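Take a look at the structure below.
Should a chain be cited, it is by its letter among A, B, C, D, E and F, assigned in written order, with residues numbered from 1 in that chain.
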């Protein structure tokens, strides 16, 4: 392995980590007042998961059947995003010999993350560490195997009215924990060993996703700083995007990259995938209102508007540049819009969402098409190009377009505060992903051998093939 | 262009327009009393969107989280009908070289209509025109970009208890505005230019769908006349079906129509599409109760029963006529049933729904198979044959089978009143669609050139292909 | 027909019937006290459908919009399991020439069962027989065509608070009645005549599913005995699995079984199907709480955990035995877990669910792979191997892992009581399925002729083909 | 006997088949192939990558005919397949030494 | 050397392959083709349209063999592929001038 | 004129095409085929069943060339297609009696 290849990467990560430390200290002081200033109103409460540290104690409560119904539905919708949504979105884009291998990745990750979530990850992300000092960083093992959850308990967020049972909350959050690593697969498509993928998933879920979710949503040090992230732009998309970039660089290019025709094998699958992502994202964004109310409504509308504008923007740029608007472009643009509106969906008004969509459509086109070509890395299905870049665009623009008449919590928005949240995520995700990949390399090995890569994942890894 | 081809069409449309005018006058007098007679009971309220003019003022309200949860869910279900539902239903029926081009139509229309909805269409359909006289015909620009919607406001219907936020209402209605033009694609499949399609979508949404929705649901002149249309048989299906017929006639037949084998490329896609239409239609019909109650329940049951009976009826006729029952027949019959039960779903009892299904199954078979053969137009995937004819069957039979014990509003049902609603829709949709097509012809051009048609939409329009 | 082939089968069924009779008498005495002991608390009420006889009278009630919203959603989710879920799960596993014919089976069954449900089946299953003595065995014809259902009525369960309209209840139950016979198709895949399939569906729904559902959920003799079956492990899965085994034995092996390559034609379809089954199963299991509450939440979590563990267990065993983990294995294991957790989902805690998943993953692998090979029957897509065996595992283990802190009704759980419920189902389902197959054999004929089987169902039965 | 191999544009398949039948040819075998020649393939676009597809879809017809029929059959193909545009395709003629109808065991021209 | 071209029913492929191997043929190449002949294709139905599919699915086997082996190989195909029903297919024999094994550079019969 | 038939590994297609073009061949026709030979196919696994797939995917190239070009073309294929591993494939040469360019009616080598 040529370690030189990673120099720029290492520099970036180091810089991010260093920059983050003093900023953290500076912000920590303002955290409490910021939280105190938040009105205890309904809207605030509903939006709080994104912006407030979680209360340490589970609370007694009265179930609101309507809120609970919407959260149960949202859970189903978000799971639908990964299987079969993302599986098909990615499965349609690879070459024919890798279709089964690619959809199997999303499927097995769904199983593996469910296992780690049950065993320790929920506890790390949303548990309350007995050691209060450590609780800033991770939730500890106290809630492993859900042993602290009871039937008459709600999980809640500081200041929010608890209306849904904790089992529902945990189940909903699990679907987010599932899709995040599954997004990374786009970066190392068509070349990773299946055993490496399994090990990577387990380690990454526990060591990267768990802690970051705790920092932002579970009572950790980032949540109280006023970073606006309604539905997970940082925790999910920037996190997965950066991890994807690291994977693409560490694994290296696919054999034949740049010389062979690697056109998508079946854009109908990709269209189905993009559509299910779109519909499922209603659960992701509108579900992040943690209730069935006007905030959920506007989050859904913002999601719809931003997605449409981003898809149309991507289409237009491509139409001008390549003379033909492609189905792949429409689907990619839609996902770019979905990603970018994620942190903003419960803070901005539809006009803001439209602008975010337009910027994301053009910006992600630029990164997936122009930048990737320039820098010559093989982020095969644009995990970084769409999720990393789109996530950053969304996180920053939320700081500009947040509208207090939509959500009172967005009042003191600032693009700087937003940037701050990104830095920590990038640093932790980047460094840890690298370390985890090295562990896989030393144990399972990372990449399929060349002959297997030529033959394709389907036969080489799974002994299966499409017989169409 | 041989203008003679359109003679019968022009005659039909003219007749419809002329017939409509005096009828309108006659009915206008009865409108107020009819509305007054409607009991303010729960059932009435819930069904009102179909039969009552909208109140002009947004109202303060208390969100019912259960009703809102069901409307959020219904919105997701109806979007699922178009992407990926309708995209696959149609995509499976075309030839292999046109699959990507066909699914791209549904996808891009979803984006374009979202854009027009946000910019002006919601305002036209559900806004309140400052000029009260004009408000009978269109809602004006006052609510463009949703600028009048606030977070603590419900959109409501005369006499109905407002229980859901206006953002939820607008989002739900948007999904109806999306699927309607997408249905038309079946009529001009495999031959329209992509640029023409985009322009057509924008103009048709603003000039045809927006006004008709306003007339019936948004406070316009048709809503108060007692026409029973629970979930959009007129606004959606007759409207799209007639527009489809005009498109099929204006664009002309596909090259090779009647001589080449144009068998569906992948009926599995069509089966998935039909299934998602079916499931999604629960949001369409049961969602039109605008609440989570017994009316939603019976609407869902009616949808299920009518669909099953229509599919079985189509299957039987085909089994007798062609000796083999086909999957395409089952799927087509199911959609015929879904279409026909749409206006009836919240007015009839399940026995009525079963009869409507049987009639629609046989009737749409007759129109899609026998009539099309006889008249030799190329309504390629039977947009008119299924949606136009099925919509008419449903609209008329609602006038016969409406059951006051299901919905008090259906008490004074009459097949004549029903016919009246159809006439206006047919006339406006027919004439305007023709004009819009002429605009496209003069600007973007309408039809792919012959070489591109032979090569297929996938490569010629989008530079993409299936690599299976 | 070589009647000898059925000897072991006949023996098994006879034994089961004989064993059942005295057991029934023994248990009948304890039934009333057991029911009386059940606390009238919320949890009890919600879980009751599985364990309590239905009240005989429909009741006046106040709709809970949140509970109703979740039940409407669950209905949509469970329908999604059959079309397109199961259709694709099975359609992907057959050979290319049988894809359309296989998906058509699920689709037509959806239509046929809707018809029988409306006409008589709901009445048989959930009606109250005027003859109180007979009501133990079947519900009679009093509610045929839903003639007893009114808009202001709830269907309820002894001791449960009625909160949803009866139309919603009936519609939800219908989706269970649809998927059960559709599961059987896996056993006789690639060889049954379409006409036989139609006749079989109608008879089986009325004579097998209707009565068994009545015994367990509709006020019949099994419901009160304390058998724990939260969401239908017995009524749905054991029932379908046993019927499948009988079908596989009666129809005989496919031509070429064991010598020709019968590899699945498209595992992407199977993956989509498994994913939709998974997501839809949330409606199946969490919906069986008949409300939007903590019990629904824990049922959903249990479903997720058991499924993941079962898929991983199957994968591991296969990885060890065959050196490669297959996508088909992951999907099969997931379904095995879903099946096994069905009766347990509202009674056990997530740790119990994890264990049930592990056992089901290994157990169903053993039955579908080792046992089938040993006994040489052609249960083509493992309807018995997965649903029958998985259902038995789940039913028995529920008797071990039921946790009273999750659901008070599970307090007096016993593996013996559980076994008792299975015996009756196996006997009735086995004997009646055999008789119904004989009726089909004598009328429509059962199996395609050999030439048609070689040509494939698509062309031979439906005159259609995939043109990819 | 001769083996006539014709490579033609896919949408001409039915016309060529009819022309051959009219010329007395009773059997033929068709494969889907990709051709490389003067006519160039389409450009495919995907997310910034652009790929010149080198091959054009064609169909290949193979018919074994009596020596006497050969000229007529080739002529029939030529007439039916020509569009005058680049990529119309080629016809090649090869000598066949023997033929057999599996069903009956007939050999030589009787097998055709 | 001869090129043996056999067009047979798809479900006979494995039997024919085994028969050829038994007859000493060590290599062969198979393509999926569509055949036109006495056996007619199925009728396809779709929403009122009905279309007689002119072609029947077949497989084409090509094997180059030594002159001496030819008769035996043709005989093997005949025995394995025959069902006695229409559409069983044909075997054609052509002369091959040269053969080359790419891996080793061997030519002539050594390349087979 | 000769018909050169080459059966090679699928991922070598583009290299072989380029080599042939460099050797002066202006047209060729490609089919996807399955080969049986020394190289054995993969094993497929499904729910306990295991099936040895007898065939390996290959591509077949057919090019008709002038007699004079033949040796050079065969050499070009050999150089481009060889990996040295089993399954590299074969080249066969047959005699072609006549050729026709459908578009123009040219025959003989002018048609190539």
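Here is the rule we use: a residue touches a chain if its C-beta (ideal position, glycine included) is under 8 Å from a C-beta of that chain, and two chains touch if they have at least 3 such contacts.
For clarity, every value in this text was computed on a predicted model and none was experimentally measured.
Where touching is counted per the definition, the chains common to chain A and chain F are C, D. Looking at D-E and A-D, the interface holding more C-beta pairs in contact is that of D-E.
Centre-to-centre separation of chain A and chain B, using mean CA positions: 36 Å. Chain C and chain E have centres, each the mean of its CA atoms, that are 48 Å apart. Per-chain Cα centroids separate chain B from chain F by 54 Å.
In chain D, the residues that reach two or more other chains under the touch definition are 14, 31, 44-46, 94-95. Multi-chain contact residues of chain C (touching two or more other chains): 64-67, 69-70, 73, 263-264, 272, 322, 324, 326, 328, 462-466, 468.
Inter-chain contacts, as defined above, occur between A-B, A-C, A-D, A-F, B-C, B-D, B-E, C-E, C-F, D-E, D-F, E-F. The touching residues of chain C, when paired with chain E in their complex, are 260, 454-455, 459, 462-465. Every residue of chain F that touches chain A in the complex is listed here, in rising order: 11, 14, 42-46. Contact residues of chain C toward chain F in the complex are 261-264, 318, 322, 324, 326, 328-329, 332, 368-370, 372-373, 382. Of all residues in chain C, only 63-70, 72-73, 75-76, 79-80, 83-84, 87-88, 91, 99-100, 103-104, 107-108, 110-112, 114-115, 118, 145-146, 150-152, 164-168, 170-171, 174, 194, 269, 272, 461-468 touch chain B in the complex they form. Considering their complex, residues 3, 14, 17, 26-31, 64, 94-103, 105, 111-112 of chain F touch chain D.
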